[in-house]
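Right, one structure below, let's go through it.
When the chains are written out, they are named A, B and C in that same order, and each has its own residue count from 1.
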Amino acid sequence: MTVIPAVSLCDIRKKFGHLEVLKGVSFDAKEGDVISILGSSGSGKSTMLRCINMLEVPTSGTVSIHGEQIATRVKNGSTVPANSRQVDRIRSDVAMVFQSFNLWSHMTILQNVIEAPIHVQNRPRKECIAEAEALLEKVGIADKRGAYPSELSGGQQQRAAIARALAQKPKVLLFDEPTSALDPELVGEVLTVMRALANEGRTMLVVTHEMGFAREVSDRILFLHKGQIEVDGRPDEIFTKGMNAQFDQFTSRVH
Amino acid sequence: MIDYLKLFGTGPDGWGDDLAIGAAITIAVAIVGFFLGAVFGSLVAWARLAGNLPLRLFGEGYTTVLRGIPDLLVIYLFYFGGSAALGAIMGLFGNQGFVALPSFAVGAAAIGVVSAAYQAEVFRASFTALSKGEMEAARAAGMHKWLMFRRIIVPQLLRHAIPGLGNVWLLVVKESALVSVTGLAELMRTTQLAAGSTRLPFDFYLAGALIYLAITIFSTLLFAQAERRSRRGFREAMR
Amino acid sequence: MSLPFIWDTFVALLAGVPVTLQLTIISVLTGMVLALILAVLRLSPSKLTRFLVSTYVFAFRGSPMLVQIFLIYYGLGQFKATLQDLHLWFWFRDPYFCVLLALSLNTAAYGCEIIRGGLQSVPAQQVEAGRACGMSGLLLFRRITLPIAARNIVPIYGNEIILMVKGTALASTVTIMEITGIAAKLISETYRAFEVFAAAGAIYLLINFFLMRLIGLVEHAMSPHLRHTQGPSEPVEAIVTTH
């Protein structure tokens, strides 16, 4: 009996004008997988991640979340989602953490965390607040619930963003270079939270430069080069030298 | 020696109460004009941002024309033009001669039309200043367009727009003085009448100027307060 | 809507153009000189001086220009006897002089703030760099601060000039026959407000068009170092300064 993958990408191609950023990318992520996505700039890794929740719409290829394929159609020469309700619904189940946190600046941390559960998922306010408090406690910034994003450090803001993502009770968590915009000394606190989430058995897809995290926490590593997946395997397998020329170059440069 | 207390008092010879009423009418016509301008201005801003080519051209043309033509000319247009149009309609019913439009309506409409051009620019600039990242986060959380507009875009738009709108408001208050040419008994016209009647133009025009300045001070304080409240989360970010 | 009528109106209104332009140019130039003086005084160490200048600026920016014109033209008539004794009545009874005075004082207030803003917007790092290579005082101001400030000031002052063109329309309220004055007369005679408005509006827009072109040329000539890049967009507040 085949297990339905949590995320399934099938031959995804993405063109920006004349530039083809993704040249046929396919993989399946099982539920509970923690997948790190590595690659140099321009390799298409962020684009691929953003295709999963349709922040970028693939020029061709299909994206399926828990077996449900996201419908697209061609309009005026470009591909767009066919059913915006479906996209909104799926986005509600697939939460994203951004490189620049993107907390809503006119709301307090608590308000940020309860926003989607109340207004998108229509859950009762009391329940959402209680959960939000618990989540803020979990990521370690419970005392900042009444503060505004601009009053927090980068690390605190990112942890708040993670709490906001978790509040959606998502089936899949997407992380787009979550620590790249942080000062080095703040990276650790965010990675700690992410490690804890991984240990809970969540399905996580993480675009990152943090090799340590990739090696130690992920079940699987995808390495993208020039729009294609060059390497796809378990950390203990792929970090042996000689597997793939580009990957070796990449790892030697990063370290 | 002129008895200033009597002159500016509320007695039968005193102009104090008339000036107060004039000031009230000034503020009233300014408020109505400002809101008309806000409604129309947001439509024009929307046309410039989200419309197709003819709409965008209309929006741009509107803001260029109305910011480039003297307000006095617009008021003349509304007053005489409006009256002429009304006179033509009344003429169908057998009425001859000049039919004057209610000056409050004319004044507010003219103010609205001109301030709409400025407010449209304020709204447009505020919209382009919105944080793309935050809107992306809203989409990623599954918000549909109307929800995102209501919960994320509008609050942030207001935050960016308040300083500019404060300036437009002051502009509107000063423009309201021009509405005096229609005969509306707002502050300017009242001051004029008092000056002519008492042969003390300096005293009364100075008084008028001081009252306008008082309105300006009060408005500025109000808007500064509004700005502070809307910026609650951003004081740090401004450094 | 008769085109021959609009054309005739247009021609009739052209008679007001020289008056409009005269009023604009004289008041802008006078105002600019006054604005420079005020801007310098604004930086004075004396608290009293600074306060007086701020009050002046506030008074003229916070009250309608119409009141300012009436205050000078009609208001000073209250002191006719005193002015006659000072041999100044000849000037103050002339509407043209009074309007020029009012417009100049008004634009000086706005100009002062524009110049002050321009000077303050000079990046501190550039001034620091000047200091670091040994410049100071007048040399620093002349070679670094003023040129950089001037480039910031030109577009905003250009906007102010366009606003002054609109301001000259108020001269019509004291019998001066510039464009709006003639337009008002034509409207009250013919009751064809739309056509007259269209013609008068067109003339003002043409004047603005040429003014903006002129200012653009001055900006371009002053900024060879910016010619390859896109300029910054106007701050939201600057879009809405007016009288």
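Here is the rule we use: contacts are C-beta pairs under 8 Å (C-beta built on N, C-alpha and C of every residue); 3 or more make two chains touch, one makes a residue touch a chain.
Everything quoted here is computed from the prediction, not taken from an experiment.
*Asks:* Give me the ID of the chain with the smallest distance between its Cα centroid and the all-protein Cα centroid.
*Replies:* Taking the mean of all protein C-alpha atoms as reference, the closest chain is B.
*Asks:* Looking at C-alpha means, what's the farthest chain from subunit B?
*Replies:* Most remote chain from subunit B, centroid-wise, comes out as A.
*Asks:* How far is the middle of subunit A from the middle of subunit B, if each middle is the mean of its Cα atoms, in Å?
*Replies:* Computed value for the inter-centroid distance: 48 Å.
*Asks:* From the C-alpha centre of subunit A to that of subunit C, how far is it in Å?
*Replies:* 55
*Asks:* Subunit B to subunit C: how many Å between their CA centres?
*Replies:* 22
*Asks:* For subunit A, jot down the residues that touch at least 2 other chains.
*Replies:* Residues of subunit A never touch two or more of the other chains.
*Asks:* For the complex, give me every residue of subunit B touching subunit C.
*Replies:* 64-65, 68-74, 76-77, 80-81, 84, 87, 98, 118, 121-122, 125-126, 128-129, 160-161, 163-164, 167-168, 170-171, 173-178, 180-181, 188, 191-192, 195, 199-203, 205-206, 208-209, 212-213, 216-217
*Asks:* Contact residues on subunit B for subunit A in the complex?
*Replies:* 131, 133-134, 136-144, 147, 151-152, 155-156, 159, 230, 232-237
*Asks:* Name, in rising order, each residue of subunit C that touches subunit B in their complex.
*Replies:* Those in contact with subunit B are residues 58-59, 62-68, 70-71, 74-79, 162, 166-170, 172-173, 180, 183-184, 187-188, 191-194, 197, 200-201, 204-205, 208, 233-234, 236-237, 239-243.
*Asks:* Note which residues of subunit A are touching subunit B in the complex, please.
*Replies:* Those in contact with subunit B are residues 53, 55, 84-85, 88-93, 95-96, 98, 100-108, 115-116, 119-121, 148-151, 161, 164, 168.
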